[in-house]
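One chain, subunit A, links the two complexes that follow: it is found with subunit B in the first and with subunit C in the second.
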Partner chain A sequence: MSAPTASLAAPRDLGFVRNLLWWLPRAAVLGALAFVIFGPLLNLLIWTVAERWYFPHALPIDYGFSYWGRVFAPRGNAVQSLVASISIAVFTVAGSLALAIPAGYALARLKLPLRNLILLAFLLPQAFPNLPVYVNIARLFYEIGLNGTVLGVVLVHVTHGLVYAVWIAAAAFSAVDRDLELAARNLGASGLKAFADVTLPLAAPGLMASAIFVFLESLDEFTGSYFVGAPDVTTLPLLLYSAGAGGNYQIASITALLLLVPSIAFMLVVEKFLRADVLAKVGQ
Partner chain B sequence: MARLLGPLLVSPALIVILLLFMVPLTASVIGAFEVEGAYGLGNFTKAYDFYTQDIVFTAVIVGLSTVLTGLLAIAIGGYLTLGENRAAVAILRWLYRWPMFIPFIVVGQVLRTFLAKSGLLNSTLVAFGLLDPLTATSYLDWRGVVVAFVWKQTPFVALMVSGAMASLDRGTIEAARNLGASRLRILVEIVVPQVTTTLLVGLVLSFVTMMGVLSVPLMINAQAPTMITADIAFRLSTYRDYGVANALGLISLAISAVAAWFYLRVNMRQGR
Partner chain C sequence: MSDDAYLSLKDIDAGYGRTRVLEGIDLMIGKGEFVALLGASGCGKTTLLRTIAGFALPSAGSIRVGGRDVTRLPPDKRGMAMVFQSYALWPHMTAARNIGYGLRLKGWRREAIAARVAEMEALLGLGGLGGRKPSELSGGQRQRVALGRALAVDPDILLLDEPLSNLDARIRLTVRHEIRALQQRLGITTIHVTHDREEAMVMADRIVILDKGRIAQLGTPEAIYTRPASAFVAAFMGAENVVPLDAACSGHRVDIAAGPLNRAAGLMLDRPAPPSGRLEARFRSERLELRRLDVQSAADGGAIELIGRVEAVVYPGGEWRHTVRIGDGSVLVDCPEALPPGSDVLVRVPASGLFLFAAPADGPAGASPSAADENSPARERLTA
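This part shows the complex of A and B:
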């Protein structure tokens, strides 16, 4: 009786052991990948609480939060940059949505000659290296007095953000069931009322996603702000750059962390806002 | 009226693109040929004399980063599609995306600390006995730029590629598996050929993005040779020399155009 049981169990044990052994290379590769991804982020976190750290010490000599106090001092430039960055991003979102909601609706629902060409036009700012364009925007803005103003930086960010705003808005509107709009029209609602009461609320999650995209793009944008804004308008990325260039890695790292938190938070929730049915219609 | 509504609603957004993108782009092309009020090739000869090394450096660095990004994206997408251990696939899926939404300026700062002589990379290698502390060097040169580009762009391309791989017909894969083909062979001979278009779109977008990044070369590779973007910034901040800056800009547009042309050619050949 005992012999068959043993011969049945043996292969299963062998398979189990083999699977366990496979975890050695798997763990090595995944561990190395985790180190490559999280190592740099951990290094940044250490810098934010390092008081003194220099070669050849593997870890900081003193830890503390004195640099945090300096960054968040009421009159420190970090608070100023934070306010500048957030207000520029808010204006940018407002501007891009004001342009993208009508454009997205027209692309999704109305008769439009050269529709695909128009969709492509919004992609252009992403399809060329941006630097030569920013250089010449700065030159044009300099002549009309927009260089070094918040409005100038907002305009540059709006142009860059329009591709996300228009493409996602168009996808969000085409994902809305057309029958619901027709039902509202049949019940006597005007075109504008049907849009405001039915289409717009149903497209809201997609529009929210595009707003977050544009907000983050604006918050993180460096090259355009560097040419058009600096030195009069200092955003967080510009502060990060100048602190790092001045050798102050603590201030640079704390600023980097401030920029990192919204980006990672967005990565974790993006799928809630950008539903698959909207995503499937992007670029169509 | 109804026919005019569509164009009317789109035009404000289009006008912004026209004024703030098309016009400056045209200005950069014209400006590249402008030498002291006349037209000529003077800016290009100057760019050639001073920056040939940097132009070659940029093309090689961005090309190398694109190739490495492509290989890593295929490896990640391939394991997500063909991996048989669910736990390992789930861990990889959770792990690989993290750098995607981290802005370049932050990528520059985190890798500047990580790859420095006393950074966490060297201290970990020393702790594992893989590196002698006396021979430890900083990686903040061309290697740092490549690492930064690959670190940031791989998740984006891997996301696109793994999406395309997931929508492939499982039938051929299962059939090949039943006939005893190894997973590596299935990846190279069955899966990758079917996602080439998606892979190339992702790589061309990455190539163009890398060509335009200013923060990473300024922060990681502040020495000669450097990238064209850093030269343009230097040319403007030091000499206000728009001519040579625009000539360098046009050269970087041309390098990107070569990448786009390569993509179109491969795509056409596939379509035939």
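This part shows the complex of A and C:
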């Protein structure tokens, strides 16, 4: 009885096996990729709600939100460092834009050879290894009393963020047709007025994007904040570091989650603000 | 400097870096006059307009408006308004805000601006479109918004940088007349840059023909059309047929010896003849007489007669256009009747339609631009 059934089913089975052979490796690769990307994130999420979790248990023994309470308790540093991080980021954005708007505008209207040289010069701080640079800055700041101050950390972040700010601002201003400015001058607007009425509003989406970049860079920055700010100024990454180094994975995970929020918001906003034609001009 | 010149340019030189775009431009424009700057692309006409507007500073020379030296003034202090080739409308403002911008700068009250904008919209047929952004307007509407923006401030001088070149051919013809009528009604001194000969002819009081950064000729449309000062101007004004001739000239008289390509002729010109020797004869395709070589004609002198052979005949409408080979070159001849290709013919060019110039020193005159020669520089200039 079984033999005829098997022989009858054979062609269909063969197709099924072939289908399986086609799908299985692909599914495995996709699954592995998903695990590599989302595995650590999932682990982080589980840690934020784990009360007790130790080897050899694959999953936490108890779940709960008590660590959230500890992180946001008045004694915990989380709220304080969140405020510090965000205010440092806001000052950094203000400082970078104050430099990047005139610099980007000048670069956008300059002749090409000189322009590329200057744009390259803004990249220089990125070319050197971070650590020795920041150690030296810390030593210098210590001598002039800037170490351990918010201003010191902001200055370090501004140098770091200026690359993005200037490059994107230059691109945003190049995307504004010179004739639009001249049309305003022609009708009686002073240079500054034409800039405020025409150039700035038209470059605003690009400038907005550069501000967001700088904001996030400042929020995530660790090395400079560590050498210049710690221990007097505690930002979220510094808190994350000390929690992680102390083996307190719950606090580290909750802090990391807090840092994740602006990054995701950023992705959504950038998609809205950064037009392709502005991006295409970066570095031109 | 004459007193009636409202805008006067004196010895203007301008350029980018080392390339000189304009050399020694002298130009006097009266109040209320409409002047067209006509030339091929790259002749410097747009540079000249931008120098007048103050977007570029001349390297030498002076610009005066109503007796006031404006050479070094920034563009916002010159009282001029320009309509850009690209219109340069501000995309983040509505049509009404675009038109009212210059008035806002002057500190007009909001109601006064609204009234003036409404007036401009009515004048230019833009009623009901004031709330739209430039991206929501058609090409013709944008052009009118740009014109309205310039006219709203009641400028001393209106500068037009090829404002019609981005319009459909059909709309262009009506807009020409609209702009001209508006300019005459408002009496605004206007400078119009164009590469379109007909556009310049129908719109302008006077035409300035520019060639390689210099003024090639300056005059009324009729004067330039009927009395071109150089071979370049003649070619630009449509006299693209060119034939080399040997002639003995004195005063207004030109005697042409019989040659393999032409019969002997004696002409009296209404202007002084060029020096004797090798000449370049230019003429248009119209108002010519074309007949078979063996047909006798009763016509007397006062014309040159060229011997050639019909190569091709086409009908572009109106008259038949013959391509007639004469020696190494060929000319285009319009004629009411078609002669078959291969016919030996005589092309009769009356003295009134004939422009004679000394042949260029370098090479034979036959090598200079000719209408039938597809690769000729003149043809490129005209179609560019």
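In this section, the second predicted complex is superposed on the first by the 252 of 284 C-alpha atoms of A that agree within 3 Å, B and C clash if a C-alpha of one lies under 4 Å from a C-alpha of the other, contacts with A are read in each partner's own complex, and residues count from 1 in each chain.
Here is the rule we use: contacts are C-beta pairs under 8 Å (C-beta built on N, C-alpha and C of every residue); 3 or more make two chains touch, one makes a residue touch a chain.
Predicted model, so just to flag it, every value in this text is computed and none were measured.
When the two complexes are overlaid on their common chain A, residue A:184 makes contact with subunit C while staying clear of subunit B.
By the touch criterion stated above, A:166 is placed in contact with subunit B alone, subunit C being left untouched.
By the touch criterion defined above, A:121 reaches subunit B but does not reach subunit C.
In the superposed model, A:57 makes contact with subunit B only, not with subunit C.
With both structures placed on the common chain, the touch criterion links A:113 to subunit B but leaves subunit C unconnected.
In the superposed pair of complexes, A:193 makes contact with subunit C only, with no contact to subunit B. Once chain A of one complex is fitted onto chain A of the other, the partner contacts of A:201 are limited to subunit C, with no touch recorded for subunit B.
The partner of subunit A that touches more of its residues, comparing subunit B with subunit C, is B.
Note: no residue of subunit A belongs to the subunit B contact set and to the subunit C contact set alike, using the contact criterion stated above. For subunit A in complex with subunit C, the touching residues are 177, 179-180, 182-191, 193, 197-198, 201-202. The residues of subunit B lying in touch with subunit A in their complex are 2-3, 5-7, 9-10, 12-14, 16-17, 20-25, 27-28, 31, 85, 88, 91-92, 95-106, 108-114, 117-121, 123-124, 126-127, 133, 151, 205, 208, 211-215, 218-219, 229, 232-233, 236, 242, 245-246, 249-250, 252-253, 256.
Contact residues of subunit A toward subunit B in the complex are 19, 22, 26, 30, 33-44, 46-47, 53-59, 99-100, 102-103, 105-107, 110-113, 118, 121-122, 124-137, 139-140, 155-156, 158-159, 162, 166, 216, 219-220, 222-223, 226-227, 237, 240-241, 244-245, 249, 252-253, 256, 259-260, 263-264, 266-267. Subunit C meets subunit A in the complex at residues 53-55, 74-76, 80-82, 84, 86, 88-92, 101-102, 105-106, 149-150, 153.
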